[in-house]
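There's a structure below that I have some questions on.
Labels for the chains are A, B, C and D, by order of writing; each one numbers its residues from 1.
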Amino acid sequence: MSTNPYIKQTFNIQKQSQLIRKDFPLLNLYSGDNQLHYLDNAATSQKPQQVIDAISDCYQRVNAPVHRGLYALADESTTTYEKSRKKVAQFIGAPQSEQLIFTLSATESINMVAQGWLKHHLNAGDKVWVTGMEHHANLVPWQRVCKETGAELCFIELTEDGSLDLDNATELYSEKTRFIAMSHVSNVLGVINPVKEVTQRAAQAGIPVLIDATQSVGHIPVDVVELDCDFLAFSAHKMYGPTGIGALYGKADKLATMEPMLLGGGMVDEVGDYESSWASLPSKLEAGSPNLAGAIGFASAVDYIESIGLQTIESIVSELTEKALFALSNINGIKIYGPLDSERREGIISFNLDGIHPHDIAQIAGESNVAIRSGHHCCQPLMRRLGEVATVRASFAPYNIEEEINALLEVIETAQSIFMPR
Amino acid sequence: MTTNTVYKEVLMDHYRNPRNFSDVSQSEAVHRGSNPRCGDDIKIGVDFDGDNIGKIVFQGRGCSVCMASASMMTESVTGASKNEVLELTEQLREWFDEKQGDTPAPLETLFALDALRQYPARRRCVLLAWDALESIIQVE
Amino acid sequence: MSTNPYIKQTFNIQKQSQLIRKDFPLLNLYSGDNQLHYLDNAATSQKPQQVIDAISDCYQRVNAPVHRGLYALADESTTTYEKSRKKVAQFIGAPQSEQLIFTLSATESINMVAQGWLKHHLNAGDKVWVTGMEHHANLVPWQRVCKETGAELCFIELTEDGSLDLDNATELYSEKTRFIAMSHVSNVLGVINPVKEVTQRAAQAGIPVLIDATQSVGHIPVDVVELDCDFLAFSAHKMYGPTGIGALYGKADKLATMEPMLLGGGMVDEVGDYESSWASLPSKLEAGSPNLAGAIGFASAVDYIESIGLQTIESIVSELTEKALFALSNINGIKIYGPLDSERREGIISFNLDGIHPHDIAQIAGESNVAIRSGHHCCQPLMRRLGEVATVRASFAPYNIEEEINALLEVIETAQSIFMPR
Amino acid sequence: MTTNTVYKEVLMDHYRNPRNFSDVSQSEAVHRGSNPRCGDDIKIGVDFDGDNIGKIVFQGRGCSVCMASASMMTESVTGASKNEVLELTEQLREWFDEKQGDTPAPLETLFALDALRQYPARRRCVLLAWDALESIIQVE
């Protein structure tokens, strides 16, 4: 990609981030002493002007009902919507566009699988496996479906360093197991889980696997064929796209046997007074007027990522992460969660400081325009396993620059000087 | 760091040396307040003296704001009547929700909470102890 | 409202529409011979620049995770999100902001009630009533919940002129009835249903009523207290707002007893390994990262409507409708559906021409840049009742101008000259 | 109206005077094609002559495009072998999906469908009869 403005061999990574940062208007609103150090990227990413423009352009040029009109504008909206689907589908390596369903969010995607697929394939005594590090979105829906069917929810526990303890999950591939749901990357630990290892053995045992890829798509390479997962869920807003749209990928046979969670217009074929039949995929799983601007924004986020290059994104974030990990691990009284090996983690770092409540650190950070997160990060079960009620979390994006690590370090120093004066 | 920091001396003093921080198991009435979102988890214990708060203690863990607010509360309400406490709680809520108005805190002892009004996200930290006490009084 | 630029006594309605039309960039893209006559407003409305700008502004200035951060930007995003909720809630007269739940769409809102409330309140033999004119979104979810519980689905049929035949729905308020779901305004007939009459008698009988207000909110006054409905569903994109966001209003006791359809982050209180408890309203019913830009766009659409004035909108649309109805009814071989009395209808006109398939009319219209709709309009049961497989539908918005009615009439003339040469 | 109108004479002629439009109940193999979205609903009936289409008729109702396309199809495939029909169907699909390319229609008899390629929404109207015939052949 020699035409890629973001990649020049002579540029060092710092300069690349600075170039990328220019695309993000919100970050450029603040300067000098007010500079915003946005390190809450695992919660939601900022949006480049390119994505914002694509959304405006949709409303200014393309907006019309999708799939239903016989005039030129409606053709354009339909074509653009389906092109967006294709773009997102290709980005994760889906063999067919129809395997990519636009949803409200990763949360909705997962609920659709729980209610529309797994519920109809579970019996009392069956087992559903999750891990001890799941986001509530990839846990609570399975709790409910297990309760409704009498199935048992089982946990892959964690090792000391926050990796999945697969060796001790002895029953994982047993005859009783009907489903495995796991995250690709933990939104707290940053650890990249060995998904492939699980899907391979699960496939031998005929067990479907859902991957919560909310923290991986757009950050590290994700290819559903390579991962060989049955379902994959993610959200646009964590990968520079708009709020309010997510996606569900599924293998063709799985989607075909899925009952739609939402019923209504667009997803039906024939509607009798008392009974109806469903349309073919992907329509069957997209009830209601499609989210045209959301889909266009989603696709333009993919375009944006591809224009920078996923590799560039990865190397910027991994350099930042390595530097931050190194600096943080030298702080007195700090505890960093998850493996320290930067090969096995993304740009998410959770930690705690002795004697200081995470809330107080985040507050002090906020007062210095350092946007970090404290809390359970929608991972209460993980917090229990870590023996904490909350952690502080800093997470990086390719628009972050090295001085923002320093800002974070200063915040920690301030917090320690307030709470742990010598 | 701005001068608007919430970590003023008074607050930090209450956090480091919480008043009336002790075992609640001996109290007449006890209520737990928890905020799973940040892990704050405290218990308030009250002994009534007729219609008034005779003795009030608290126990638990939380961020500095939550702990300091609980400590300040115990100082503010000791000796007050139930109605006075309910009124004060309401006033405190209103004052907090005003964000940046000039209104002073309903009680001088609470003035150290002023800077927090800019941070609606801390509302629950500030009010956790007060909500628990209100529940005790309303049940009585 | 003397400062309202859209209302000047000296302006006639034509001039008002022209002024409003200026706000809609998509319509202004086309001019002269290419002018776009967008008469597919019942499918989705166009968006004013004000709404487009509000969405861009969100991403350029406000974007941050909602409800979860301790830094200034996160406070801003939370406050703005909740302000948006308040705005939309007030617009429909909801007593409390918490009674307004942001959803994906009207479709999702209705499904949430079917799966989360009605399903838990139905037994075999109970009756659920709908009408013969419902959109699939307000029918298919009830079909499923009836099938799942063994309840019976009953239909309020239509009179000759397309009104609800309430007199003959003798069992409507019977002891067996557990729920009534009906549209405020039909998206095919344009008829405004006597909702109040139904809710009043239903209230006496203790029967909850859901109103599908997708075609009424933003078009005619809707006040949930005045209507006294238990649930009300609508979508932003039909009222000049963004795609991909809708709303559900509910009475406090109904929402309190509703099981969440979607489970995940944000809607929980405590999450155990095997069981979880729910947060309070409105969070309980909004799982996942909130759709910040959608909510802001939704609220700005309300702002826009209020800046023009609902009354102005109503009078423009009703004048256009009256004129169109008059002109159309003089055409040979036309059949217009629904009551002709313009007091009882909104700006939606469905019709058929003898000997010409609706598809052919819409196609010919499309070739002349007249955007109208042909098909069943997601109302197959209504089509059966009308004895048609499809109709042509033209629907008006306040940015439509009188000459667009003429364009429609010309299209009809062309179609007749092609298909019914003398 | 643009000159690109789909309502060319040939198409209108097929619509007004559909070829091979008659009762399918006597045919060897029958398949129904319907599109609830617009109410098109037709039946195709075929009598085979060895591996070839001997006689083909259709019946039903739909928009002009659907009816004309079915009529043109019956003319195009009479006498053709099953494989030829399957191939032609595939070619027609590809040609249609090309939208505006210069490729001529796979058969001269189908040329009147050219203007429709701009309208992806009409795909199903054009292909309904072809899909139904394909189903008949695939089942055989």
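Here is the rule we use: contacts are C-beta pairs under 8 Å (C-beta built on N, C-alpha and C of every residue); 3 or more make two chains touch, one makes a residue touch a chain.
Everything numeric in this text was worked out from a predicted model, so none of it was measured.
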{"item": "Interface with more contacting C-beta pairs, comparing A-B to B-C", "value": "A-B"}
{"item": "Mean-CA-position distance for subunit C and subunit A (Å)", "value": "32"}
{"item": "Rounded Å distance, subunit C centre to subunit D centre (Cα mean)", "value": "38"}
{"item": "Centroid spacing, where centroids are CA-atom means, of subunit B and subunit C in whole angstrom", "value": "46"}
{"item": "Where subunit C touches two or more other chains, by residue", "value": "68-70, 74, 270-271, 359, 363, 366, 374-375, 380"}
{"item": "Multi-partner residues of subunit B (each touching 2 or more other chains)", "value": "36, 119, 122"}
{"item": "Contacting chain pairs - touch in the sense defined above", "value": "A-B, A-C, A-D, B-C, C-D"}
{"item": "Parts of subunit B lying in touch with subunit C, wherever the complex brings them together", "value": "36, 118-122"}
{"item": "Subunit C-touching residues of subunit D, taken from the complex the two chains share", "value": "1-2, 4-7, 12, 36-39, 41, 61-66, 119, 122, 125"}
{"item": "For the subunit C and subunit D complex, residues of the former touching the latter", "value": "357-360, 363-364, 366-368, 374-376, 380, 383, 388-390, 414, 418-419"}
{"item": "Sites on subunit C touched by subunit B in the complex", "value": "68-70, 74-75, 78-79, 269-271"}
{"item": "Parts of subunit C lying in touch with subunit A, wherever the complex brings them together", "value": "25-26, 29, 36, 38, 40, 43-44, 46-47, 51-52, 55-56, 59-65, 68-74, 104-108, 110-111, 135-141, 143-144, 146-147, 153, 155, 235, 237, 242-246, 261-266, 268, 270-276, 287-294, 359, 362-363, 365-366, 369-375, 378, 380-381, 384"}
